[in-house]
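Both of the next two complexes hold subunit A, though its partner changes from subunit B to subunit C.
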Partner chain A sequence: MDCLKRKTALAGAVLAVALAALPATAQQGPKRYGPGASDTELKIGQTMSYSGAAASYGTFGRVMTAYFKMINEQGGINGRKISLMSVDDGFSPPKTVEMTRQLVESDNVLFICCSMGTGPNASVQKYLNDRKVPQMFVLSGATRFTDAKTAPWSMSFSPTYMDEGREAARYIIRTNPNAKIALLYQNDDSGKDTAIGFKEGLGPDRVKQIVSEQTYEATDATIDSQIRQAKAAGADAFFDNTAAKFTAQSIRIAHDIGWKALHVTTTNSSSIAQVLEPAGFDKSQGLVAGKYIKEPTDSQWDNDPRMKQWRDWMTRYYPEGQKTDWWNVYGYMVAETLAHVIRAAGNDLTRENIMKLALSLDVESPYLLPGLKIQTSPTVRSAVNKLRYYRFEGKQWVLLKE
Partner chain B sequence: MKKLSANQKILAGVAIAAAVALPLVTPDFRLFQASQVLIYAIAILGLNLLTGYNGQLSVGHGAFFAVGAYSAALLMNFAGFPYWTTIPAAALICLVVGLLFGLPALKLDGHYLALATFALALAVPQLLKYKAFSKWTGGAPGISIDKPPAPFEFDIFGRAFNADVWLYLFTLGITVLLFFCAWNLVRGRIGRTLVAIRDQPMAAQAMGVNTAIYKSLIFGVSALFTGVAGALNALTVQYLAPDSFHMFLSVFLLVGMVVGGMGAVPSALFGAVVIVFLPNIAGSISKSLPGAIYGVLLILLVYFMPKGIWGALDRLRQFRLPRHRDTGSS
Partner chain C sequence: MDLFVSQVLSGVASGAIYGCVGLAMVMIFTSTEKINFAQGEMATFSTYVAWTLMTVGLPYWAAFAATVAISFAAGVLIQRTLLAPLRDAPEMSQVIVFFGLFLVFNSASGAIWGYLPFDFPSPVKAFSTGTTLIGAHQLFIILVAVLMLTLLFLFFRYTSLGLCMRAAAQNPVSASLMGVRVGWMLALGWGLSAAVGAVAGIMVAPVVFLEPQMMVGVLLYAFAAALVGGIDSPPGAFVGGIIVGVLENLVGTYLVGTDLKLTVALVLIIAVLIFKPTGLFGSRRVARV
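Moving on to the complex of A and B:
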């Protein structure tokens, strides 16, 4: 009896697999394979900072590796095993060059995906573009990876510094169309990129609403004078694009001198532990920050079914990972998006097709904040390019209505 | 003056011939790795002259490596120097920088010198990011340089003589030259003086050695070697950023010197092989703890070969040929 049951079940399973496979192969069209792709396997390369100065980001690569381990246990994608070759570059550009060349020339990967950091990715950008190897979902906010003209084979995942500036400008105008705006940023490439994006977001007619535009140096001791000048210029909205340490200062100074402007800051400076606590919760009330991902420490997602699912997944496939680290949500989301691209490619696994699909994404992710989507086009080359805004109330961030 | 025995000459000749023939049997990216090994070998040799032979401990040679690299890149990008001229230029610049640093270093001994050089290693990446220089250095995002092209292109035994092959042979040529210079430097009177200053500074001084001049000179020469390595690194990687010259680089050079073997010229090659390939091995063993694996492998190496790989080979040689027992190791 037992044996019979098992046989029936087995037959049923075989039938189900056959049925599932039939339409799939029919839809997938003729087979076209680039390097690293075959009937049974697809090879993808990644350089990651598992050691060195940025080793704490290495968890991103471990989440992705765990994700594709799960995918392969479930039979892979379109019947192919996905081999994510994630190698350590210690966040050192010369090592990135060495490892990337090994991945491309010796391991024959189809493309490079989700490698870590601005410097490491910049070091292989020319090489990969010269060889027409996709440099997909770069983990960096630098605009150099989203320029279709100079780097047609590069694209990034996270919002670029320009995206962040543009979104902040739109938020301020939505909230107060006649705002007199003060702008403060660090005097470096990322600061300048954000400022360019900010002005683009305002549009040519509204740029004159900027009444104060100032910079500071990373080595400055304080930004006291910049905050006082911004207040003196009569600004009632403040895009505060400063590094965490300075954001804590600016919150405190603005409060102490009685400047009651709409104070908007960035994702990187929105940490409660590193910025708001040092500044003082009483002084941080009303602060606004842009974010895009559901942070695992944000209590409003405690009962979110997909976040629960993610926690269960973490326990099963990546038990040593921190469930409070948002990088682990982020890595899971990027892995899921990558799997989506591979699935959509079907049997056309060429570098051209992968790049084409990665640049025509329009998918929802349950790990993005409500209302945000993963959207790309040949000209919009950062997968997540919009933000939602949060206001700090009491002791926590509260998501604002659109 | 010590001379090479016939056997050693043959060995050196065979090694060089094998290195020249390497492109025939290896793909391009392996040549890139081989170039990296040669480059780090030059840098480690530079450090070995200073620390191994002269006993001045430097934990900041990554700084000279960076100075050499940026000198080459800036001369190419802003002064239009052809790539091959940047090597002597970087050598000269680093010699001067090394001498300038070597003079105040005379006042510092042992741990204090180690700390001062460590400060240098920490400061250089910061300085490269500093905005006053960023017009040239490119700041944190770094700068790219053009890949040096092969002077001529042809096929040999079915192998294309391309830019990668050329860069490798170019690096190899400079490596052989610098190793020969270093060997010439240490095998004679200067070498003995350097070792005397390391082992018995008082006695050396009493015998009329001007320790100050020797110590600052060898600092300059050491920086020259490491700077040339930096320039070659810029040419092969074609991209420089402050992240490339993180404080870890200085530590790796020190590791390479100790693991290769201190106070011997050829040992730098073994040290370089270790610092290029050991992280790859560690990373392939475990992704969650590459640093710890690296550390364990390093401890094992040092435990079983306390005098470095070269020292172990030397012992092996003496064990096999008891009649030729000699204590020298250059």
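Moving on to the complex of A and C:
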């Protein structure tokens, strides 16, 4: 190696070090701390359904906890240990209120992130907004968490129910402009939000194409009656906005009574393990679902390097978690996004700055489907708000062309 | 017309499910005069036991029989260990135990078997009824329920053990003076109820899928079914279930739409109870003052 080259190399190295250091110092900036932030630690609160009716979603909190355990083993974020206080509320709103007050008032967390469920989050929405505590990445699709006017300190992560409805309507009309549509949803706010979004997506001229609009109760034993009515109404497209176990039922019933409609369902009900396997693959052929996340049971991602990395991570940090449960991918993705926000905040760990950063995201995630991004703005307050459509063929979901 | 027939038959099929669980409630009520709120969760747990036995290789009917036996023993055990000591405690204490059992069984099912729904096998899956109006398994449920009812009727009517159990429930003081071991009769009542619940669970699971919350919704309807039919009448519970099932379908399809079908069905049930408080098949209770 001659002298000149060595010099260039040296200069290059110095430049690289300088460049690497530059954004770091620029980002870190002067220290501004809100409650729960210090030179060594950042406290975050979360209420989670580790017990009770929604205990199966508790795995989300476990994934996040494991993720930040890993982060802390690696030295934390910007030199700070991340203390995620994830407490059980049993999916019971009164308990959520008690726990959240405790997190905010005595544990002094900087913000609440990724708490579980519409009811529990709704019960503390006013409290958190009044106190200007960020209610970040709410795990609910309810539209109430994405309204900048009434709740400037709330925002959610996944597509809202209205997003889901709108996208489904567009898909159905794209596929069959003259479809006669049956609509089925749970008789509650979430179901009604989706129905509103769906009709919005159809547009005023096409709303009359809905030939059957029905609801069911979460406590119903079966939805046999509704599916038979929809068939009798002559519908040839079916937006099936039911909870997972009811979707499994509707797939089976539609097949058994010989109703061959374009059957479109939602992200929450598109799990192979939770819905299609119990319903039976033979009966699920042709089912269409809007999705945004890479499903771990889907063999097309078997060789995806980042999904492999996720599996290894699961084995190491969360071995008791199920690698077939997409909630575990989801939890990992949200944790990663949260870490991104904290990293970007540098030394400005105030509630205002965290909220500002969470509402100006533009990030790719390897766990989202190709073509989708995590994107927010002060008016677009659900981090993921578009869907891709899939058809179930053979034993897997096949991504449809846009 | 096709819609009407299919809605009626679909109502009969889901009604049979409510009726089966209602039957289990009636079994405990007739022997203890209490409603066991944990009935559904115990049945779910039993169904998981059957599922486990089948996954380790037992054929359907062997697993079925073993589950019924295990559930019977577990029911007796629960009564002897948890409820017998509370015999003289206020009613509210016993109700709290029922709720406790509800939580214990619900969480235990989830903790042991997870929350993913399973496709539960049915022995008649391969058969076809030749029509889309009603499925083979739905017919099978009705058949099994009728068979179960007949057996229970024969047991209570024609065996001396059945007679002792009825005596212990209806007049515990006289029964014990006659030498009937009332405590054990109550335990047998619990065992029978758990066994009936197990059968109900095994029948319901192929329709609603096996998962820890499987019975939570069903229990509500089962309770309504038992009340309509008469809370102390086994055939009443079953017929009541079918009435509730058909009613909710017809009301939902033709009268008020699906939003209010549950409400209307329950209003009709209340009406029945106002005009006939003992239910359609229940017996009037006479107490000496």
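We adopt the following convention: the second predicted complex is superposed on the first by the 280 of 402 C-alpha atoms of A that agree within 3 Å, B and C clash if a C-alpha of one lies under 4 Å from a C-alpha of the other, contacts with A are read in each partner's own complex, and residues count from 1 in each chain.
Simple rule for what comes next: a residue touches a chain if its C-beta (ideal position, glycine included) is under 8 Å from a C-beta of that chain, and two chains touch if they have at least 3 such contacts.
Since the model is a prediction, treat every value here as computed from it, not as a measurement.
When the two complexes are overlaid on their common chain A, residue A:Ser106 makes contact with subunit B while staying clear of subunit C.
Of the two partner chains, subunit B is the only one that A:Thr118 touches; subunit C does not reach it. In the superposed model, A:Asn187 makes contact with both subunit B and subunit C.
Within the superposed three-chain model, A:Ser92 lies in touch with subunit B and out of touch with subunit C [touch as defined at top].
With both structures placed on the common chain, the touch criterion links A:Asp224 to subunit C but leaves subunit B unconnected. In the superposed model, A:Ala195 makes contact with neither subunit B nor subunit C.
Contact with both subunit B and subunit C is seen for A:Ser51 once the two complexes are overlaid on the shared chain. Applying the stated contact rule after C-alpha superposition, one finds that A:Ala142 touches subunit B and leaves subunit C untouched.
According to the touch criterion, the shared surface of subunit A, contacted by subunit B in one complex and subunit C in the other, consists of residues 51, 53, 55, 187, 217-219.
Within the complex formed with subunit A, the residues of subunit B that make contact are 27-30, 32-33, 36, 129-131, 134, 139-142, 144, 233, 237-244, 246, 248-249, 276, 279-280, 282-284, 287-288, 290-291, 294.
Interface residues of subunit C, counted against subunit A in their complex, comprise 2-3, 6-7, 10-11, 13-14, 17-18, 107, 110, 114-119, 132, 135, 204, 207-209, 211, 213, 216-218, 220-221, 248-249, 252-253, 257-259, 262.
Taken together, the subunit A residues at the contact with subunit B in this complex read 50-53, 55, 58, 61-62, 65, 86-88, 90-95, 97-99, 101-102, 104-106, 117-120, 122-124, 126, 142, 144, 187-189, 217-219, 320. Touching subunit C in their complex are the following residues of subunit A: 51, 53, 55-56, 187, 214-222, 224-226, 228-229, 232, 244-245, 248-249, 256-258, 273-275, 277-280, 322, 324-325.
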